[in-house]
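Some structures to go through are shown next.
Each of the next two complexes has chain A plus one more chain, namely chain B in the first and chain C in the second.
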Partner chain A sequence: MAGTEEMIDELSGLALFADLARPELAGVVHTLDEEWYPDGQRILREGLSGTGFYVLLEGEVSVRLGEQEVARLRRGAYFGEAAILLGELPGADVVAVGRVRVVNLAGPALKDFLMRHPNVMFRILQEQTRRLRGAIQWRR
Partner chain B sequence: MTSAQKAASLARVGLFAGLPPASLDALAELAGEVAFEDGDPIVIQGQVGTGLFVVVSGAARVVHGGQELARLGPGEFLGELAVIDRQPRMASAFAMGPTTCLALASWDLFRRLDADPDLVHSLLRGLTARLRHLSEHHSH
Partner chain C sequence: MEALTERPFPPGDYPLVVVGSGPGGLQASYSLRRLGIDHALITADDSPGGMFRRFPFFQRLLSWTKPYAPVPRDSRAYGRYDWNSLIGEEPAHRSIQPELMDGTSEFPSRPEMEAQLAEFVRRTALPIRYGCRWEATRRDGDRFVLQTSDGEYRCGLVVFAVGVAEPFTPEMAGREHVVHYVDTRDAASYAGKRLFIIGKQNSGFELASGLLHWASRIVLASPRPAKLSVETNSLAGIRARYVQPIEDRFMGGGVFILNAAIEGVERDGDAFRVRTRATDGGADLAVEADEVIAATGFVAPLRDLPALGVATFGQSRLPAQTPYWESATVPGIYFAGTINMGAPGLKKNGVGGTGAVQGTRYNAQLLAREIAERHFGIVAPRPRLAPADVVDYLLEEATDAPELWNQKGYLSRAVLFDGDGPYDEGIVPVQAFVDGSGADGVAMTLEGDAEGVVRPVAYVRRRGAISELSLDPDPLNEFRASADARAHLTAGLTELLP
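This part shows the complex of A and B:
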């Protein structure tokens, strides 16, 4: 388990948290739980409740619809936000590729977290915009 | 349109669903009413976006590469991605018959995003819903 100072250092290197000063990051660190997953473990399961917001610190995850990989996420990426924001069940499986380390926030706490850290929320808004452009272009 | 009428029009837009009245009023103060004649361009593909448009009356035809992608009616919106990431527009839109829109300039919207986490949250939900809709559309 990384100590608070190490975790602050680590999160400050991620784009998602890049706008936060150290005292605010310390608050963030205290809200998040660190978790590990072995290779092949499903972190989120399509259609099953029990949601969370995850930020990937080590390893990779495969986002899968059935047997098909639709995305591969790496360090700094986040997942699980859609089900929470929309109040729906996860739309895909998210599976650990290799050993994975994440920080996790329980679903019900996400809105409050985002409202307290609007810079993080704005980063997510920009990333969703980027993903949306990708999805739209992909279809044409 | 009065500010109250503008706020009522904005309240019907999915992207602003659930915004507190104070947030809607602040947006309404910034929204300009723009009238288009039949065939007038509302946004042009490839241009860097300077505003988000909400159709109040009439309709808009969304065109990409000469192909019609969608028709938007009252309460529907366009131009939101370019406002957030300031990248070129992905499609053009033309008025179908006399059409009135509410226009929110990017710089005004950006200022509101800075001041109003509820607005960021509402846009985030709206974009995430579209992203999920697109990926479901693709997978089934």
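This part shows the complex of A and C:
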């Protein structure tokens, strides 16, 4: 449960939104939907279309291929962007571990959102670059 | 004679209690009663109608009832053209709204809607205990105890249909100078006033539309740009009937629309000054106004339920719900009516189930069936289908089923298979089907996308795995007549229908 001001405080503490001034954050808060998931609930479903972009506010999620967990994400992490940016179906399930609270943006709205908030786009780009570097180093 | 005036449902022990007499509570209670589930229906109000006893203030509802539809008024399919009538099983209990409209608009006025709900209660002889306010809640072993203004009700299950009705005004400096939407006065009392409306959703634009004739200037402000339903192609966004202020703005008619956060409101002589901070890179302003109204929404009046363990989320403090509208954290507590907004379903493309009457009346019907089956062992019949009829039946439902049309992406028609072949599982929340395990089967739903295109989507469950079969849209939505849709669906069901 969070009012607008509390939500602005909450988002300003996450790396993804750290570069945004308060008025811009207020606009972001009004654009995102807060959602809540019980333990074991699927948030992203492998192979199903029409997914969204999620930022994790509370709790943990498990990224799963079938029964196998391939990653565990925590507060501040985000997911769902890959399927949207590439126009593909999600390649894994994302499942709530314990109670989970997220903010969500519908897939079709992500591009406009990122163009409107270039600082968020930059943070995502930075994170993707870090992941790519990690993957390259892994191969060497 | 005395027995007739006696109030029903005195405090005591009941298997189930329904709280609330708006559309959600009435539909849930009616449907439970038709299934033979003993329960009490209590309400703080002194007449049926819930929010429609007061709102909307101006003009009319946003939900249509079309007296002249392509299907007969007494058919199930008419529900797609009449978004307001509660769903009765007998012809006299159905489609009451068109009988009570004066012919000037397909959108009923608030009093016409209220009259329809009262007439439903009268015709169905639905017993209701009025003037009985739910005040507090506690557990006593596996029972719930509802403290009310009339005394204590003990029950194993509760359905809360209390609306999302508690006015919410966000924290800001000078909040005491701001009047909430619910305290809007008679329109004429705003004659010649400079009005500042906080909030750019439907309630803000409803006020702006209703007061265009009266206010000398209207400023609407909120951090996010206004979205129009005709742009989002969904119920999310300002509805077509409230866009007049937007036209007045670009024609220079004294309406101004700001993308700005409200920093505070201060008194300035007989008037107020509203300080705004732009969220779109524009200028920060200090706007003078004679009246400041917050059209900033409502929260669910859940009283002490969070202390009982009911998880809530979001600005409206909606309870987190399962696909069947049970509290995600306190089993035995269910929700009906507009609170169902807290159960978004699959929310594909960002479109969730609706909390409006046209959808939640079907939720309440299904909730009654679910409660009857799960808690009272009263199981609805599952008629057998001939394998050769399954594809046509699903396309027929995609074309006409009001549950699918009015609760797009949330409700579906499911056909399951056992050793004896296919049978009609009934209407089910599509999320329950997709995330559930169980018999092989198919759930047909309708989904809208950002372009406003509606298409039938079939979810096929085979040995626990789900696949999605998205059919092509049809320009006239006549899926039953589409050879392509039939061929596509038949191909998708070959594993189930050898």
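Throughout what follows, the second predicted complex is superposed on the first by the 137 of 140 C-alpha atoms of A that agree within 3 Å, B and C clash if a C-alpha of one lies under 4 Å from a C-alpha of the other, contacts with A are read in each partner's own complex, and residues count from 1 in each chain.
Everything that follows uses one rule, which is that contacts are C-beta pairs under 8 Å (C-beta built on N, C-alpha and C of every residue); 3 or more make two chains touch, one makes a residue touch a chain.
Given the structure is predicted, the values throughout are model-derived calculations rather than measurements.
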item: When chain B and chain C are modelled together on chain A, clash or fit; value: fit
item: Partner chain in contact with A:M121 - chain B first, chain C second, else both or neither; value: first
item: Chain B versus chain C as contact partner of A:L86, first or second or both or neither; value: first
item: Touching partner for A:E69 - first (chain B), second (chain C), both, neither; value: neither
item: First, second, both or neither for A:R130, with chain B first and chain C second; value: first
item: Centroid geometry (CA): angle chain B/chain A/chain C, rounded to a multiple of 10 degrees; value: 140
item: Partner chain in contact with A:K111 - chain B first, chain C second, else both or neither; value: first
item: Partner chain(s) touched by A:E60 [first = chain B, second = chain C, both, neither]; value: neither
item: Partner chain(s) touched by A:R45 [first = chain B, second = chain C, both, neither]; value: second
item: Chain B versus chain C - smallest C-alpha distance in the overlay, whole Å; value: 16
item: Common interface positions of chain A, toward chain B and toward chain C; value: none
item: Chain C to chain A touching residues, read off their complex; value: 170-171, 222-224, 259-261, 277-280, 306, 311-315, 317, 320, 322, 328-329, 344, 346-351, 434-435, 447, 449-450, 466-468, 470
item: Parts of chain A lying in touch with chain C, wherever the complex brings them together; value: 1-5, 7, 22-24, 26-27, 29-31, 33-38, 41-42, 45, 47-52, 99, 101, 104-109
item: Chain A to chain B touching residues, read off their complex; value: 65, 70, 81-82, 85-86, 88, 91-92, 111, 114-115, 118, 121-122, 124-126, 128-133, 135-140
item: Chain A partner contacts - residues on chain B that touch it in the complex; value: 64-65, 81, 84-85, 87, 90, 113, 117-118, 120-121, 123-125, 127-132, 134-139
